Structures are given as C-alpha cells and as structure tokens.
Amino acid sequence: MDFLFSTAFKVRDYECDLQGIVNNSVYLNYFEHTRHEFLKHIGFDFARLHKEQIDPVVYRAELDYKLPLKSGDEFLSTINIEPKGHLKLIFDQKIFRKKDGKLMMQGLITAVILKNGKPIRPTLFTERF
Amino acid sequence: MDFLFSTAFKVRDYECDLQGIVNNSVYLNYFEHTRHEFLKHIGFDFARLHKEQIDPVVYRAELDYKLPLKSGDEFLSTINIEPKGHLKLIFDQKIFRKKDGKLMMQGLITAVILKNGKPIRPTLFTERF
Amino acid sequence: MDFLFSTAFKVRDYECDLQGIVNNSVYLNYFEHTRHEFLKHIGFDFARLHKEQIDPVVYRAELDYKLPLKSGDEFLSTINIEPKGHLKLIFDQKIFRKKDGKLMMQGLITAVILKNGKPIRPTLFTERF
Amino acid sequence: MDFLFSTAFKVRDYECDLQGIVNNSVYLNYFEHTRHEFLKHIGFDFARLHKEQIDPVVYRAELDYKLPLKSGDEFLSTINIEPKGHLKLIFDQKIFRKKDGKLMMQGLITAVILKNGKPIRPTLFTERF
C-alpha cells in the first residue's frame, strides 16, 4: 500500500444497485474524483483547465473488480502515476476497504491531455510530481 | 459490425459532464443496460435472477475510449459473447455512433455468475445462445 | 392524459437502488431528458444554448411519488407547460406506466432562463408552442 | 442554521453537467445520503432495514434551488425533522456553501415508512430523537 496520493470515501446508498452492492460504473466515479483531488493537490483545477481548453480525458481503463463494496463501507482510494510514451499518463488506482485493509478494486486508467482537442505532452502535470 | 444483439440509445444531457462529453463512467451504464436487455432477450430477468440468489457480476472490464459521445448523439450498443474457461463469460461490447457508423467505444467485460455468492458455470445462459 | 409532448422510456437496472426500485433522484433525470427532448422538438438544443450563454435552470421542483417504477417497467413521460409571471415557466410533468396506464409520478418543475447569468423572459421558447 | 444533524460534502466533478453546475437531480442524492447518515447516527441502517422489509420511501419532495453548487464547492447538508399526521415524517433539509455560509438549496422531503409494502407509524424512528 505505497502510493502518491489518497482520498477517503464512504459508500452512499444511492450508489448501490438492486444487487445491494456498489454498481460497477460507480468505481469510475470514485477513481475520477480521486484523480481530480490529486490534480488539485498539485495545483490544478479540472474545471478551470477546461475553461483554458485543456482537457484530460480517459483513453483506456482496465478494471479488476476484486470484492464488492457495500452499503456503509468506508474505503481509501489510492493513486500512483507513471508516464507512458510521450503523450500518456497511467494512473494506477486502488481501493482498500477501511475495516480490514482488503483490496476491493484495482484500475489502470490511461489518460491523455487534450489542448483544443489535440493531444499534448503531459509535462505541465508531470513536472509537479 | 457483426453482433449477436444490439440496443439503440440516445445520449441524455445529464450524462454529460462539465467537459460537455458523456462522462467516462456512463459507458459502463450503457454496457450494463445492453447486457441486461440481451439477458431479457434470451429469457432471463436480472431482477428476478437476483431474487433467486443468482447474480451475474462484473469481474473485469477493459475499456477503450475511441471518440467521445456528445449531447444529442444517437448510437447503437452491440454485444458478442464468448465463454472463457469454465466460469467466465466475456462480453465484447461496442458503441457505434448512428450518424456516421463510427466506433466510439469498445469494451471487453468479463462476468462471472454467482449463486449464493459462489461462482457457478454459466451454462444456464450459454445454452440459450 | 392530455399533454403537449411525451417521451417513452424503459427503466434501466442501474437506476434501481438497493430497495429494488428506481431511486428517487432518477425521476429528475427522466424529467430533464423529457424537457430537453421537448426543447429539441420545438427547435432548441440545450448544449448549443449553453454555448450561446443561454441556460434554462431549475428554480423549484414539487415532486409527488405515487408508485415506484421497477426493473423492466416501460413508461411514458409527459409534459405540459404554462408561463408563470414574466420570468418563469412551469413544466407539469407526469410519468405513466405503460402496462396499465397508472400515474407513477408527478412533478411541477419551475424553470427560469438565464442569459449570461441573468434571468430573461422566456419568450424565445414560449412563442414556439 | 439550527439543525438536528449535518454532514459535510464536497462537490465531485462528475456531479456537474454540461452547464458546469451540479445537476438538479444530484441534490436528491446529497439529501438522501444525509438522511441515511442521520438514520445511522440514531442507530438504524438503511440496508439492514430493507432486509427486515422496512423501507423508508420518499412520498413528496419540495425543492428550492437558490444558488448552484459548482466544481470544488464544499458544503454542509443539514436536517431537521417533524412528524406530520400519524404516518409521515418531514425532513427539512438545507445545503449551505462552506466558504460563505450561503443557503444554496432547500428541500422539504416527506417520507413514509413501509413494512412489507404497507405504511406504518414512524415511531421506531421518532422515539430516538
């Protein structure tokens, strides 16, 4: 459990579906919020970036669902980052349940940074971490 | 564009985020709804299955975001299926924009079927297609 | 069941929560999508309006939950509109279950139209219906 | 700003729509999560209640949108409760922006408690506060 940045969450009941577990799509919400909190942590604001026509977008996601989060679960969402080639950033994201430290979910999210719709080198971000 | 089953969709504006494109998590909603419509098509009801303690769950997802869906876009969400080993089903899912047939999104969703929380062979489904 | 405009929907399973019914917030999604489809029907595009700094926003909502929508339900979402004072539009929205025509949900949604953040008369819309 | 219970939140960017503000439906998510946290605070668990066939459901909602929450906003979501008649509970819910204490949103949420689908007196809850 070695990471660059983390955010604490608690499952909200509306995130659970009729199986009584957090719906599979919601983990991408958790991951996104964690990435945006990390951006804020290193001095960037996602909404402001958008106004400056700089848009980080998800290019690929590999998600491994280990154990389902349920109503009431608290968890830690962690991030590590590695550049890939000149244009991509890979966010290695994990979710650990608080009560027992179990790994619930793991994702590799590849992002590219678009400026006016064209990919740019992510150096404005990478030089901050 | 050869597939077992497809569902037509239209982007709803609340599915777009502040970048003005469909949020990355929403594609998992589209994919899930398409799978459940497919289940219905072959005679299974997701909610009823859950009451019988049979729960298909997502085990792994590989998502490739090709082009962003935007407000007003209509699209076709397609499915192909292949078993993997004894216990897994792989749903090969694609999203094609209606106006030009472009591939917007591609996903490989691996599911397992749980009965009372334990994985079972997916033969009850696979013998129907 | 007399209305200006309607849209057909089908419940998607991810819209149901752990009670097995459509979550109370989702009806506002259905209502919004119906309003935006109505706007399109009379020649306006919500995303394009936003780019022109014209933003219809919800000012007040009164929602009566009659009967819960469930997995698999198909329904019709209807709209009537009446102006209120000089600056407000009231959308009278209802949801009828397809299989038996039952009224499931009723809402009065008051909207105002902002231009560059300031309320304007909604005549650009009202002269179209 | 006198209340029985409150929860602190922070806007997550996926909750914002293409207008760049929190979507009107999301406030019902915030309100619901606050009610469920309050239930937990007085010793009840929403998911467990459901397993015991006890289901609080929303019967009516009156929502006044004062000012829009935006990306990055932190806020306090507060609750007061009053019984109404024998069968209803009214949750008086408000959202205050943290940075300036401004009232952003106000809702009166009427709930009924169903046991096996039939309304029961909410005394099991009301005797706890």
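Order of writing sets the labels: A, B, C and D. Residues in every chain begin at 1.
Rule of thumb we're sticking to: a contact is a pair of C-beta atoms (placed from the backbone, for glycine too) under 8 Å apart; a residue touches a chain by one contact, two chains touch by 3 or more.
All values derive from a computational prediction rather than experimental measurement.
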More contacts between chains, A-C or B-C: B-C
Distance-maximising chain from subunit C - centres being C-alpha averages: A
Distance from the mean Cα position of subunit D to that of subunit C, given in whole angstrom: 22
Computed distance of Cα centres, subunit C from subunit B, in Å: 27
Separation of subunit A from subunit C, taking each centre as the mean of its C-alpha atoms, in whole Å: 32
Residue numbers of subunit D (touch at least two other chains): 13-14, 16, 18, 20, 23, 25, 29, 32, 46-47, 71
Parts of subunit C lying in touch with subunit B, wherever the complex brings them together: 12-14, 16, 20, 29, 32-33, 36, 40, 45-47, 70-72
In the complex with subunit B, residue positions of subunit D that touch it: 13-14, 16-18, 20, 23, 25, 71
Contact footprint of subunit D on subunit C as seen in their complex: 18-19, 21, 23-26, 28-29, 32, 46-47, 50, 55, 57-65, 68
